[in-house]
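Pasting the structures here.
Presented sequentially are two complexes of chain A, the first with chain B as partner and the second with chain C.
After this line comes the complex of A and B, so read on.
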């Protein structure tokens, strides 16, 4: 089975048509997940009831396949009479699941800051809230840059799944093209390369941020 | 040391000669080596098919693959190997059917697959074993009765991710909004969940869906196109292709016509076209 180089090259511009939507979806999903994670973290710290609620939510989201969440959002919203567009249903699903992962990353980052820091803050006369905001949080943020970067890469890759609910992003274009031409290997190789370039650029950005602000021993 | 090198160079012509003999012995065999022989020797036909495309190839309540295409595959196995059970199915998705045959994982594909020029560059098609036509399945509650009524930006049409669907939609329903899915069952779920108002699909498929769902109906107007479904395989194997193509001819107009029309009647409730003067 020969690998058709010309077809491989011809497929790239068609895939790039879907790149815009992949990029918009990835950026929105990463930013909103980071924000949703903060809200979940705050509700975990706010009291017993909201803590239990957030924990249950996080467990459900972390243990459900993203495609199931997307089908629920997309087809389910139609059934109850408020059909969401594929893009919105996909974005919501990505944020709902990845926000749960991100909240766990935040929690781990905060737990990673030594208890003695809190004790020191209190001993210096800071109120508990100010101790958290001024002493613990800045250190925790530095610790979570790398794991957040990994989660970002996961989000970029997961955007491929919205192709199944009719969003014309990159993987969607690849499927259309593969179905038309029957040249699956060429097109999916081109697709893989574009994803690798995309995630590499993202990783590079994270690396730069990490070097500048990250936790140094 | 020098002796070793000399001995090596002395043996080079012998090695070359041996290589030449091997190549000349192998090449005519390789040229005649058809997958057909392999199938007969293996005593089993391996067929790539879909699991979610009723009534051609789908999974029933018992978890078994059934459908028109599945019965056609069994008829081929019966004709080739003498036993309808000597067939193994590989369930693939829409874009997975091409590598399934081109990589050699399956001998042939019978998967509700329309002949299309771009596709024929990379897989070999037999002549079509069925012309299914294309119809539109709509939600009854919309009150849409014709193609011209459906052709409005108020409505959404569910397509499959293949080129024929897009071309037909642009030709017959240019104003409608479009959603695109990778399996017929996702299209169908979109229509049932109100994400889409209608879907286009092979006429037997939409008839089957409408017969099983009271809230859906089929528009009486067909999309006027020929939809030739054919068996596909890795190109370049003339012996295998010729046998399969002959088999299709035998089913439609030869010694296997009675079995073929039985299968056709079983799934579509009528005799296959063209109608014959003898019955």
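After this line comes the complex of A and C, so read on.
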């Protein structure tokens, strides 16, 4: 099977048709996961009961494959007579799972700030809440930039999986094209390259932010 | 209730393939991961650059895309390869790119003094690695290694899309016949959670028991 460059080039614009949906899905999923992670973090800090609840939720989400969550949402919502579109079901699944990962990243970031910082804040006469807000949190935010970036790349890559619940994003388009043309190697190579470009741009952005605001020893 | 009792033997049949694929992929990812890690640390500039670029490219692509690429390429090239085997190999190679980071991080995080001590005692590089560093590295690597294995187990669920009868695939088949998605997919999820969570408990245990205290 020789690699035919014209086929490769011709498949790119068709794949780019799906890029819009991939991009919208990625951006929404990343933003909402970051937000959902904050809520989970708050409930972990709110009290014993809500902490236990959040922990169970996080473990369930982290230990279930994303595709099972998507199937659960997509096919489940159809059966109870409240059908979600593939896009909404996929977005919801991505946010539910990655929010759990992000909450763990936040927690680790806060834990990673030395205890002495809290002690110093209290010794200087700050109230515990203000110690957290003014001293711990700014340092924790700097620490979570890099792991959040890694998680963002995971989210971008996981958007490919919504192709299985018939959302017409890039991977879905590639599959359609592959079924029609048999130029499979060219098509999927083009698809892979687009994903690499996408994740590279994202990585670059994270690195710029990290260089500017990240934690320096 | 009856549905659960009837589904469980079917799901367990699918589970067998999930476990086989996870084991094969883990083995492959570990062997290749160690190899890549050593190349990245010890080899000469050119090979190192090639491997690093390759791993970067692999890490930037969704696993599903690689699985499709393998599946369709085999389909059209006429090679008779069981998607179960093909899937295991793709997953193994894919996660080797992540494993190599685990091993590289483990080896590099060992204090430089250990290297120098080894050399000062007159050992060669492979002797320093084999008799000093490896034991320290294993303590650091334990937990992240298990986390990657959990990612591998979850990754095998994607092979359902290319028609391997593993756990997720069987779950979906049962749903198509019974129209009970909540119940069946909850069962499927539960099986994954039991597998992955017990591994992650093991990771926590390892970290407490033999973890590297710094």
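One rule holds for everything that comes next: the second predicted complex is superposed on the first by the 217 of 217 C-alpha atoms of A that agree within 3 Å, B and C clash if a C-alpha of one lies under 4 Å from a C-alpha of the other, contacts with A are read in each partner's own complex, and residues count from 1 in each chain.
Here, contacts are C-beta pairs under 8 Å (C-beta built on N, C-alpha and C of every residue); 3 or more make two chains touch, one makes a residue touch a chain.
Note that the coordinates shown come from a computational prediction; the quantities given were computed from them, not determined experimentally.
Superimposing the complexes on chain A yields a three-chain arrangement in which chain B and chain C clash. Of the two partner chains placed by superposition, chain B and chain C are both touched by A:185. Once chain A of one complex is fitted onto chain A of the other, the partner contacts of A:195 are limited to chain C, with no touch recorded for chain B. By the document's definition of touching, neither partner reaches A:46: not chain B, not chain C. When the shared chain is aligned, chain B comes close enough to touch A:176, but chain C does not. Counted by residues of chain A touched, the larger count belongs to C, out of chain B and chain C.
In the superposition on chain A, A:12 makes contact with neither chain B nor chain C. Once chain A of one complex is fitted onto chain A of the other, the partner contacts of A:65 are limited to chain C, with no touch recorded for chain B. When the two structures are aligned on the shared chain, A:157 is found in touch with chain C, with no touch to chain B.
In the superposition on chain A, contact of A:123 is made with neither chain B nor chain C. Of the stretches 74-82, 92-100 or 200-208 listed for chain B, only 92-100 runs into chain C once the two complexes are overlaid on chain A. Comparing the two complexes, residues 1, 71, 75-76, 78-79, 163-164, 175, 178, 182, 184-185 of chain A contact chain B in one case and chain C in the other.
Against chain A, the residues of chain C that register as touching in their complex are 57, 59-66, 68-69, 72-73, 75-77, 150, 154-155, 157-158, 160-161, 168, 171-172, 175, 179-182, 185-186, 188-189, 192-193, 195-197, 200. For chain B in complex with chain A, the residues that touch the partner chain are 94-96, 98-99, 102-103, 116, 118-119, 121-123, 161-163, 166, 179-182, 186, 189-190, 193-195, 234.
Residue ranges on chain A touching chain C, taken from their complex, read 1, 59-60, 62-69, 71-72, 75-76, 78-80, 153, 157-161, 163-164, 171, 174-175, 178, 182, 184-185, 188-189, 191-192, 195-196, 199-200. Within the complex formed with chain B, the chain A residues making contact are 1, 71, 74-79, 81, 83, 86, 163-166, 168, 172, 175-176, 178-185.
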